[in-house]
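I'd like to ask you about the structure that follows.
Labels A, B and C are assigned to the chains in the order they are written; within every chain, residues are numbered from 1.
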Amino acid sequence: MAREPLLGRLNRKVFGYLASRFPPTPYSDLTRRGVETIQRQMPRSHAEKYELKTIWYWYPLYCLGGISFVAFIILTITGILLGFYYVPEGTIATDPLTGDPTSGAYRSMQFIMNDVPFGFMVRGIHHWGAHVMIAAVFLHMMRVYFTGAYKKPRELNWLLGAVLLILTLGFGYTGYLLPANDLSRGAATIGINMTKASPGPAWLGHALTLLVFGEADPTGFYIIRMYWLHVFVLPLVATLLMVVHMALVWIQGVGEPH
Amino acid sequence: MMPLDPEYGPARTIPHPVMFRLLDSEAEDAAPPADIPVPKGAEYAYYPGCVDYYDQEMQFSHLNYGDTDHGIIFDSSIKLLKAVGIEPVILDRSFMKCCGHDQLWQGKLDVFQRMRDYNTRIIKMLGIKTLVTSCAEGYRTFKLDYKLDGVTVKHITQVLYERGLRLPPPKDGKPIRVAYQDPCRSCRQMPVDPIYEEPRDLIRRVENAELVELKTFRADAQCCGVAQMMYCNDKTKGLTASRMAEAKELRVDYLLTACPKCLTHFGCLHHENRWKPEEERFRYRVIDITHFLAERLEGEAVGRPPSVIPEAQDPRQKAAKGGA
Amino acid sequence: MQVEAVRERVYEGRPGFPAEYGPDRQGVQPGYPFWPHEAYRDLVIIFLLCAILLFLSAAYTPVVGPSANPAIQPFIIPDWYLLFSWGLLKVADVLPTCQPPSCQIPDGFGGALNVDGAFWGDVLTLIPVLPIFLLPFLDRGREARPAKSPVRGALGLYGIAFVFFASLYALNDRLLETWPFLTDDTLKVFFVVPPILVGLAAYVGLRRLGYRDMYWWLVAALGAAFALILASGFWAFAIGPWGLDGIDPWTRLLRAFGDPRAWPTIVFGLIPIAYTGVVFYATAALRERKAKEIVLVASVIALFATVGLVKWSADANPAGTYDALRLIATNGNFLVALPFFALITFYVGTRTPYSTYEYLLNECYQCGKCHTVCPVTKVEDDALGGLNLVYNTFKKQHDGVPLWTCLACDACSAVCPLDIHYSDYILEERSKAFASAAEAQARSGVPAEAAK
């Protein structure tokens, strides 16, 4: 009699170990069902299902949503790597050696770019990845708009996507405020001023500015708040929403205009 | 002389390619004749179309012993139009060409265009106001595929209906069951003026006729078998046979058509059927609606005797002699 | 039994299709398996993306720049995706401000609104953002295809053009530095005129793709363009801030004809006006093919004339040329944009739309009613479960049996819920087949009679 295949034996060994120590749960079944679900994949597109030989030349644009997600993963990974070195300290101090203004954040950026092996590459990938992701998100939104894939029954998905767009722009904005350079300070100034001028009661603008930036004038304290938003709050919310967004596409199927 | 197919009768060997080559070569000649022997400026013109041709050139009615009589459509139409007070100008083949319907649908666009241009020129030259046709395919072609501005195209049943054809009471009061085949071309395929009700109303004016509807009728009516004379094979005959079987189920006495092509296909199968005595099942008459109404007009008795097959060739006689 | 034979023929060898049909069928969605098909495809895309990112970071490494310095006010440009908001903020200075305590607008909570530039910037930024959120509730139509919903397409392109020009305005300092003959007002009008032109051209083009009537739309659009460019030309030369003040327009215009320095202005101004006029006339008065030829010739002439004349007059009359270019650029929204609009609108409005086959039949959603009523299916048997005419045609399996077996009885068209006229398709395809056969025969050199 032939021996059971290797993967099957491994499976039984691993789950056997767990099964003898934890309450009875059909781990193998669940794994198998999970694999089968993924293996079944998304429903076929119209063209695939009916083996249409007509080439719709906008079909490649349907990969833009996936590209934004992949770019997000790459950004997360490079962001984690950068986070090992970045210091969210925005208070302006004077460099004792050169006399130029500097800050903890700025110094950590210089360290990443000059002293960390391939730090400049990781930061470069993070920078360009951000631009690619935002561009992909915009183009994806345009594709969905022009192909009418926001119509019934996909309205909720469109709203999720719109929220994700705002979050992505928020990611970009909070991100380029972090290096504490000229651009960062200028952009922070504009941001603070525009938030202070929010339409509504007078106290609203001020309260929002304090909430988002942590201060009403760009002295440098905003960096720690931008950092926390960029590194924890936005990733958590965005990841959750992205997963729901993609799950809805899985459930409802891709909206094709045929 | 075509070799006769003893199994199914001579009509099966009608060489459609020959007919179409003849028609297509007609299209080559684009010059209108110098002298058209019909009055100009007439209000009504009658275009007989293929029936003229089939009867004279292809000798359908002679070959199948009058079972599929196309020429009588021409006579009947003229009689009926006269009965409603119309003296139409007759656009026959001496100066008109084939309407081009079959060529168009077979894909020979250039041939069709030549025929169309020629016919349109003649019609305009003659200053006709209303073109009456007894053919459903002609009706559709003249109405949709030709651009006859200023000319109204009507099917003969429409004209008869509008002008209030009156039929005398029948001599023989025996009730007859009549089925009507809606032609594809003049009904389903016409986005404007489809002809569903006019023939039915005319049938109802025959006092002893009871109109029964076939299994599918009006817009769902099944095609008679093959339009535009594309081919003739077991499959198309299968369709014709199934349609005729529907009529047989309803025990009709007449199956009426409004299109000579339908008449051709039904008549062909009908005739074949008569050559195989063991298969003879379509015991009703298949005629065009104009023929039917013209018969009623003259108050003729119902049920003309079938045509006579020469004894020497009648397989039933042979079978009887052989058996005896 | 027949059903089994059909089932086997249809479903064998088609991965992802459930073999069950009928009540035994499970609620399983067919699809391509994740491994290996989908995984391969995704990995290729991921690797491509990584390659691009690595290349960009190596070749165009971002620099950190000088540190933030509270002492100086740097000239910065925010990232491209936020430029539109900044541009709107900048353009808001044309809007009235109302700041307390001199001007009090109650804000509903007891205080007064502070309507300044920043406030308007916020409000204007909401303008492109809010419709995005409300879109599925504003547009409840069911038509998804871009060519059949030209309004949506036109509005979308209008929005994109609007955001693009808003972002451009955010860089107005840089632009004015580089091209000093532009004025800030010209750049402000960028918000208004070019997006509308883009939207209109898109609408015309999409209507055309949808097989709809174009003639009057083209005449209206190009007529309006011509009228506008005439008016703008007149305004620019006669009334606009060029030349001497205090003189009435007609005198000024006539005087310009006598002034050699003004000749370049007149010539370069007349070229776009004449060109737009020619395009308008061609569309309105000529048949389509002739109009296309005329417009092509006119475009080539206009292009070479402009380039050649600019080069020549830059040598012969540099001062006059500079005046001319400055005037044209200042009124660029009309004098430059409208000829391009005319050409693009003419082109998209007279393009051949998709063929019947690809477009009209594409409406089919495979309900199968045509297949049910087709009389040919009752007598012909064919591979793959029967002669599903519309479907097989849609799959480009149309030569051979479906095309030539069709009786053209239109029973299918009669029941089609989308009113697809299959007989029109048959007519077109059969005549195309004959035409290509005739062409092939003509090319082969065999005389027609011998071929018959």
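By definition in this document, a contact is a pair of C-beta atoms (placed from the backbone, for glycine too) under 8 Å apart; a residue touches a chain by one contact, two chains touch by 3 or more.
The shown structure was predicted, so the numbers you read here are calculated from the model rather than taken from an experiment.
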Taking contacts as defined above, which has more of them, B-C or A-C? A-C
Min distance from chain CA centroid to global CA centroid: chain C
Separation of the C-alpha centres, chain A versus chain B, in whole Å, is 74
Provide the C-alpha centroid distance between chain B and chain C, rounded to the nearest whole angstrom. 53
Roughly how far is chain A from chain C, centre to centre by C-alpha average, rounded to an integer in Å? 31
Any chance you could list the residues of chain C touching two or more other chains? none
In the complex, go through chain B and note every residue touching chain C. 21, 104-110, 184, 188-189, 219-220, 222-223, 225-228, 230, 234-236, 238-239, 242
Under the definition above, what is the set of chain C residues touching chain B in their complex? 373, 375-376, 378-380, 404-405, 407-411, 413-415, 423, 426-427, 429-435, 438, 452
Using the touch definition from the top, list the residues of chain A that touch chain C in their complex. 38-44, 48-54, 63, 66-67, 70-71, 74, 90, 92, 100-103, 106, 109-110, 113, 120-121, 123-125, 127-129, 131-132, 134, 138, 141-142, 145-152, 154-155, 158-159, 162, 165-166, 169, 172-173, 176, 179-187, 190, 193-194, 196-203, 219-220, 255-258
Once bound in the complex, which stretches of chain C touch chain A? 16, 28-35, 37-38, 42, 45-46, 49-50, 52-54, 56-58, 60-62, 64-71, 74, 76-82, 85-86, 89, 107-114, 116, 118-119, 121-123, 129, 132-133, 135-137, 139-146, 149, 152-153, 156, 160, 358, 362, 365-366, 391, 394-396
